[in-house]
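Same chain, two partners: chain A is paired with chain B first, then with chain C.
Entry: the complex of A and B
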């Protein structure tokens, strides 16, 4: 990906509520036209961060720069940015058309011009034109999402913010809307800054992801980097099930685990790394016959199996430790529950992370 | 022949309550309506009905009392709206932890009888009373008392009916989600535009309920004019009271009461048609 010019820049942004640092010294550059997602569990400060970017909250210290200009004190109604809220915050006493046109009416645009723009946006978002005069509260959940997005787009913002707008929607529709949103991003070429607690959701849509924890940005990277090269256990555990083995670095470069008797072969530990965790994604574990078939192996008991649609997940118990193995349905393991099984993985498929 | 109406368990269970409502609620009302058609100065319900009492009213100057009642109620409602909206707004959005205390301060007077509170105002406002007496002895100021004027009546009415406007309004304003206001602000609206386009229309249900409640109560007000107005003004409720007591003309009093109900009923229905509560709440 070519480097994009920076549109939004955060310099040591902090927000203190009482004695709590809700957002703690965040430095971040977001590129023009980028789909950037901030992921974090609830209470990680992501909503506070977004509210500061949108102008609904002032940072305690630090600077927010929009195309190089400091906008800390610019109120939300004068920022060229717009937010799609978690509750959508549609105006219940207005029609679909009036909701979409709200910002245009505020700007004093002529009625027919407003309507033309609203209908254009409704087309883009695949809302039937007949909905123009429909009461917005009579729309379905998915339609309301589209109205909220159209209303924000009508403002013609330079950056669109999203505060978990899909969190209250059922799984199937959410999956559709995630892809739709990414298509709209492509179509409009605007900068999208999205927050969510679901890394899975972030993976589908984002160009880059920033993971937040307790007010700090712990890792920023492409979805691929976040998935395959997490730097901390926190990030590695954020999506799906992973196998995490606490390890200490032995003198010979091998990794020692308290709970497993054999030393493990893993990535070469960086300088100064003495202890941490070895992370192996369940799809990299495989059932093997002899220990020589993989760099590392352990033997245990097949405790249970779970069908996850296209994949099957197996729980293997090795002493006190539980290993999660996943196979595609076509490569289903044929062992029976309570069988002795040997599972193995290669050093290159494991990741060394800090706590 | 079989029974015409087969009553289900639910209907049977509802009979006691239905009877109670008929006897306790509908019967007195119907009695008043029926009484208004009886001959003047009689106490029987079994004479031939006529419209004589209504004719008497239309030939009399009762309309002045009607106008006083409606006028005072209208002014009271407008004053209450102007006073209560900022206070309600403050309770919901500004005062934070003090809102509870303020709400309590507005509620506590309700535990004291209306008449006692009005006599309290008399002691406070009367010549040489708490206010004017203190001013005189401390500053040597001698001012006219506003007691027994129209202003005093309005003061009494605004004071007595304030909670009935304040609390529906508080509820109305608290029904506006803060994200909805944020959204309008974020879409470029100024504070004033957010208020006009979003907060005011969305808090309308509370405002309309407050208006209706205080108007209906204020039209029925009597003590304020008697106590604080020193009977300088005779509202229609006072006329009705006179007819039922001093004049011993129950049918005339009943006719006046029926007319008042009709006038207020029509006004309320007109208001409800104009301000469709369901539409405000986005249900339609």
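Entry: the complex of A and C
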């Protein structure tokens, strides 16, 4: 993500509700044409942040700059940005065509010009042209998504905001629409700022992801960085199941965990790092025979196994602690439940994080 | 196939429903029958049928004056009540503000006041303020009772209104006024329309408030009562029937209009 000129810049943006800082001192630059996703659990302030960017809330302090110009007090209807709402907010008394053309009608464009633009967008979003006169409430969930996106695109915004528009859609359709949205992003070359509570969803679509927690941005990076180099336990646990072992750094550079007998080999701790957590993704754990087959190993009891489609997940109990191991179906482990098993991992596959 | 038990149950439900309908509508039917009498006195069952009293009623200037007074009051009440109640309903159901829950209770209280007491209270007020009583003071009196009802009717529609619709329109470049005209009003229209029907019909049929506050003017319900107490003629059931049928037409017509609009919107599907 180099050499993209900045389109949207946030400088110490804060939003206080009563005594609560919903959004707390956020600094962020979003690049021209970027697909940027803000991820966080509910109550993390991501919706408030997005509403400030779209002009529906004013920051308590700090600045929002669009191409270098301060837009804090510019109301939503005068910002060159547009939002796709969680409820989609399609106008129920209007047809598909009228919904898409809404902003053009407001702008006073001629009827035939409006219609041409609407049909063009319907083509882009693979909506049949026959839907132009269809009652929007008669459309299916996926079609409504496309109408909402077409309506926003018709405004020709410089930035498109998305407020979890896919959250109410069933899994299979959501997976399709995620990819479609990324394709549309490619086609239109516009800047997309998306919020979701699902890091998995963010991974599929985004150029960069910002993870929010309690009003603060805790990590910003590419999907790969967020997945393979989380800096905090919070971020590492946000996607899928992970193994998190609380550790203290011992004098010899080894890591000590109160719950495990042996010291662990891990990455070299950063300067000043004295205690934290060792994170190992379940796919990096493997069943081994002898301790010498991996940098670290523990032995325990195979407690249960779960089929996750292409992968199988195993739960191994080591004393009080539970380890999760995942294997591709082709590399299925043949052990029996309650067998004594040894699992191991290499130091390079583990990550040290703070709380 | 229905079992015997189900058949018995269905028969019982049908009989019960019929009994309720008869109980509710038989009195109205009786009034209509009573209006078709040829005699000059109150007599029921009717001995001899005729259209004499219908003719007399429609030719009477006094009756026309009554209808015109009642319609004037009801129309004024409808326009003012719907306007006030629309904004009232937005405050009731759409916006969160300090004092909203107090407001929600206060606005509904007048519905439960005994209307005869409310009428008397208003009469005292008008006298104290030195207002000349006429159909216009009655409009005000009706509003005190009807605006809360209409507010409630419209608020029900407002509760199902997604505030994101207004935000979306605003975000797409509309001004506040355009948002109101293009989105809020059309989406809330069914609620406003039924609110208007309520306002008109409640005003049209109101007796206790009119009795105290119309002064020298007389509305249809007031006239019916006065004639019933002194000077009965079969013109009373005639006017009563006209009043009821008028209200029914308005209701059925309104319902038909909403159905037609819904169908027009659905036919846009194909």
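We adopt the following convention: the second predicted complex is superposed on the first by the 353 of 355 C-alpha atoms of A that agree within 3 Å, B and C clash if a C-alpha of one lies under 4 Å from a C-alpha of the other, contacts with A are read in each partner's own complex, and residues count from 1 in each chain.
One rule holds in what follows: contacts are C-beta pairs under 8 Å (C-beta built on N, C-alpha and C of every residue); 3 or more make two chains touch, one makes a residue touch a chain.
Keep in mind that what you see is a predicted model, and the values were worked out from it rather than measured.
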Joint occupancy of chain A by chain B and chain C, clash or fit: clash
Which superposed partner A:95 touches (first chain B, second chain C, both, neither): second
Partner chain in contact with A:76 - chain B first, chain C second, else both or neither: both
Which superposed partner A:233 touches (first chain B, second chain C, both, neither): neither
Chain B versus chain C as contact partner of A:277, first or second or both or neither: neither
First, second, both or neither for A:151, with chain B first and chain C second: both
First (chain B), second (chain C), both or neither touched by A:134: second
Partner chain in contact with A:117 - chain B first, chain C second, else both or neither: neither
Common ground on chain A, meaning residues reached by chain C in one complex and by chain B in the other: 54-56, 75-78, 81-83, 85-87, 89, 91-93, 102-103, 106-107, 135, 151-152, 155
Residues of chain A touching chain C in the complex: 54-56, 75-78, 81-83, 85-87, 89, 91-93, 95, 102-103, 106-107, 133-135, 138, 151-152, 155
Residues of chain A defined as touching chain B within the complex: 54-56, 75-78, 81-83, 85-87, 89-93, 102-103, 106-107, 135-137, 151-152, 155
Partner chain A, residues of chain C touching it in the complex: 162, 164-165, 167-175, 178, 182-183, 186-187, 189, 265-266, 268-269
Of chain B, residues touching chain A in the complex: 177, 179-180, 182-190, 193, 197-198, 201-202, 279-284
